Amino acid sequence: QSSVTIYGVVDASLENIKGTDSVTRVSSDNLATSRVGFRGIEDLGGGLKGKFTLEAGLKTDTGAQDSAFWGRSAWLGLEGGFGEVRIGRQDSLIGSIAGNTNVLGAQPYDDLKIAGTFSGDTYRRVNNGITYFLPKFVDGLSLAAQYATRANGEEVADNDDGKAWGLSAQYLAGPFAIGAAYINVDRQTVPATPGVGASTDEGYLLFASYDFGAAKLTGYYESDDSEIVKAANQATYDKRNVYGIKVGVPIGANFNLSAGVSKVDGVNFTNDREATIVAVKGVYTLSKRTAVYGLFTNVDNDSPAGTAGLNVASVNGAGTGAVPVAGDKAGRGFAIGVRHSF
Amino acid sequence: QSSVTIYGVVDASLENIKGTDSVTRVSSDNLATSRVGFRGIEDLGGGLKGKFTLEAGLKTDTGAQDSAFWGRSAWLGLEGGFGEVRIGRQDSLIGSIAGNTNVLGAQPYDDLKIAGTFSGDTYRRVNNGITYFLPKFVDGLSLAAQYATRANGEEVADNDDGKAWGLSAQYLAGPFAIGAAYINVDRQTVPATPGVGASTDEGYLLFASYDFGAAKLTGYYESDDSEIVKAANQATYDKRNVYGIKVGVPIGANFNLSAGVSKVDGVNFTNDREATIVAVKGVYTLSKRTAVYGLFTNVDNDSPAGTAGLNVASVNGAGTGAVPVAGDKAGRGFAIGVRHSF
Amino acid sequence: QSSVTIYGVVDASLENIKGTDSVTRVSSDNLATSRVGFRGIEDLGGGLKGKFTLEAGLKTDTGAQDSAFWGRSAWLGLEGGFGEVRIGRQDSLIGSIAGNTNVLGAQPYDDLKIAGTFSGDTYRRVNNGITYFLPKFVDGLSLAAQYATRANGEEVADNDDGKAWGLSAQYLAGPFAIGAAYINVDRQTVPATPGVGASTDEGYLLFASYDFGAAKLTGYYESDDSEIVKAANQATYDKRNVYGIKVGVPIGANFNLSAGVSKVDGVNFTNDREATIVAVKGVYTLSKRTAVYGLFTNVDNDSPAGTAGLNVASVNGAGTGAVPVAGDKAGRGFAIGVRHSF
């Protein structure tokens, strides 16, 4: 009826990442993010339930914690006939779809993380969030709405910086799934020129998948848009689009091989920004809880030579060690590892 | 006979705080401080017991940890016929009374926290503490003595800064309760002029309560005194007195409404410092472990206009976001939230 | 078959340490390092097992965490007929012998910690490690090999700084035990003059012990060597040798008294560095899980007067508070405390 459950993931791999230079290293979180969590659910009677999750990310290569210790989840919720309300630090609705590895995935070798999308990176989670999950009026249909009094950082008394809202809808019918999510973040100050003006970060993500049995096919599209107001009232834009396709093939009972290709294009201030990402992932499950895996991702950048290209987003425990690559060159990563869930 | 128990609290609320500016935000810890803890007790035979508690505070709005991760409790103790001795980071004796929400309370909407008292803020807990809880010679009588080799920060080899001692006594007899606690901290350096001279932080807290059944009435008084030695050998004082009264009324089996008014007066260097705090709190328990609540606190400052007034002490996860108010203006906060214990 | 186990140690003591000045304080970790850990083991069938450990050190005197939260252990492993492989943050092989209190010990009152050896201090653990524990071909024989892609800090793309490897062998036959370990760390930059040149940190540790029943006798030797490349291409050396002997005497069923003497000699840049360390330790076990203890360690320095001598290595939670002593003077510490395991 009520008790705390301890759960977690431990993931470690040996990887080689090549950019301008190459590095071979022990790394964390390449298949799944290492974490320890506490969660509980309490039956309050009359169909009402209390719930909470506290979840702490960590790096197995160094033992480092996340910058916000319970930054993966720190929320409590009430669930009943009216649906569910969660309050606290939690997944954004767009991030919830990107982070779901059964759908898309936002780990270091995945395109939505590599491209630095709102769903897979900037707004993967929100601070100060209130989410309302509607009851399932229609079988297979999940609807949710979210508001955050400040998505990143903390509320300041005299402005609306970081106020965010989002929506998501997902529909599952047997082998078929479709979903969409949207996020809108008010930006009173922007990194380039704080305090100069207001702008809006706005992004949406769509996906559809069909499981043919012999293979599961998924297609998706994300579009992010940030207006950057420069000092001389000169507005430029940071836009980013990712469109991709994935195919996952079960081989025998324990092995799953998936491959995807996606195209990133956009504008970063005055430069075009283009890349093609190819990712191959093989996961062999030793048990429900333990798997060994191999990952390969190639990022072929087609931006101007003097700019910074995209590369596999694996970072070390100390937050250093991203391997840079030039805007007109390819970067790639290869990892073999183990993931254990408890 | 022996095992570790995991326990905790998750508290989140939506609040509006008004000072010079106003802010509406998701906030943490307004009814109870969010935390995860590990505790255990071992029967060592012959009436002797070993005990420990490790307790970590956290913010549900951002997932942030406390600056000292296990800063709420990191102690071990031995209990026997002689009483109990605890060693490590723990409640101060004066803080233990202030922090007990059945008696007074030191959460962000409570006067002892808002006024920045020794009991509710500065010396709410002590580092490097050794506490002796005497055995209960008389039914209902609790006596304790505490020494800390340094209450805040860490011991330095060549001075006595932070050496602290305290005493507390509480007596309960049916509906009647009374208590007192004292703390004395040696200050070899003071914030204003480090190294200039020595001073002493000295505070005491008294309370008495009577539960009439239909209502519980509590009266209390705290007096804090810090001598600030200024550069030119000119001694001034930082004094603070809080006297208050509270009434708590159970309404039906699950709802408790309480209201309190308190007066803060003191001297901060050369200025008078005055405020009247009115706090109203309604807690509806959905179960033993889960409650929803509403809080309202108004702080009417009557200090000089150019000084900083007191306001509801709710802070954001990043430690920013306290809402300032002028010394001659009123500040106030309103919160509705959920608290879940596990 | 599979579940997470929570375990830990809580250790607190009152100590007096004397160097140039003297300090009496509440301290943590003097007999054993305070910690909370999560570990699990899963039977994967066919003799294969999955394992993990996440372990977080803490200070009971302040509630502070380690700088890397899970810095004591963050690894996962696979065990089978082939032996065991562990990947992640973990003990170095040389550190594993030093840290084993049944053999040597690397706590604040122990010589291998005080002398700042590779085994007891600098390379007590490694980041980014991959360890292979060979199966036990011969009864009582344990062999292991370790590689770390960077022992301290994090891998950088364009150099080999911190790449480390190590070996260890231990053999137990009834009352007799013998062991050895080696570590080799590539240093592309050195603290004194970063980036000037490459060097190698190289150390080894040997021990042998015999348990006569009435007493257990242990002898050991560690030699560490760091080449320090100075700015003007002038190479000097930081060398350190520790040779010691210990005797442990069980007195009755619950008390163990041990005493050791060791000699530290070496060269720190241009100065000789000499010290004699005498350590006495008494541990009275109240139960399997709880013990009270007394420690005394004297460090008699025989280095030049103007240099920094060695002293008992107890540090406070904030990382401050090591008590310095001159190179030609004696320092010493005395502690009484409690250690509880859960």
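First chain written, first letter: the chains are A, B and C, and each begins at residue 1.
One rule holds for everything that comes next: a residue touches a chain if its C-beta (ideal position, glycine included) is under 8 Å from a C-beta of that chain, and two chains touch if they have at least 3 such contacts.
Everything numeric in this text was worked out from a predicted model, so none of it was measured.
Chemist: As a multiple of 5 degrees, what angle does the CA superposition of chain A onto its copy chain B give?
Modeler: That pair's rotation angle lands at 120 degrees.
Chemist: For the copies chain B and chain C, give the interface type as same if over half of its residue numbers appear on both sides, and as different if under half do.
Modeler: different
Chemist: From the mean C-alpha coordinate of chain B to that of chain C, what's the distance rounded to whole Å?
Modeler: Each chain's C-alpha centroid was found; their separation is 39 Å.
Chemist: Which residue numbers or ranges of chain A touch two or more of the other chains?
Modeler: Only 6, 69 qualify.
Chemist: Going by the contact rule set out above, which residues of chain B touch chain A in the complex?
Modeler: Residue positions touching the partner: 6-8, 10-14, 17, 19-26, 28, 34, 36, 58-65, 69, 286-287, 289-290, 316-318, 320-321, 323-324, 337-338, 340, 342.
Chemist: Mind pulling up the chain B residues that touch chain C in the complex?
Modeler: The contact residues of chain B facing chain C are 2-4, 6, 38, 40, 42, 44-45, 48, 50, 52, 54, 66, 68-76, 78, 87-89, 127-130, 148-150, 153-158.
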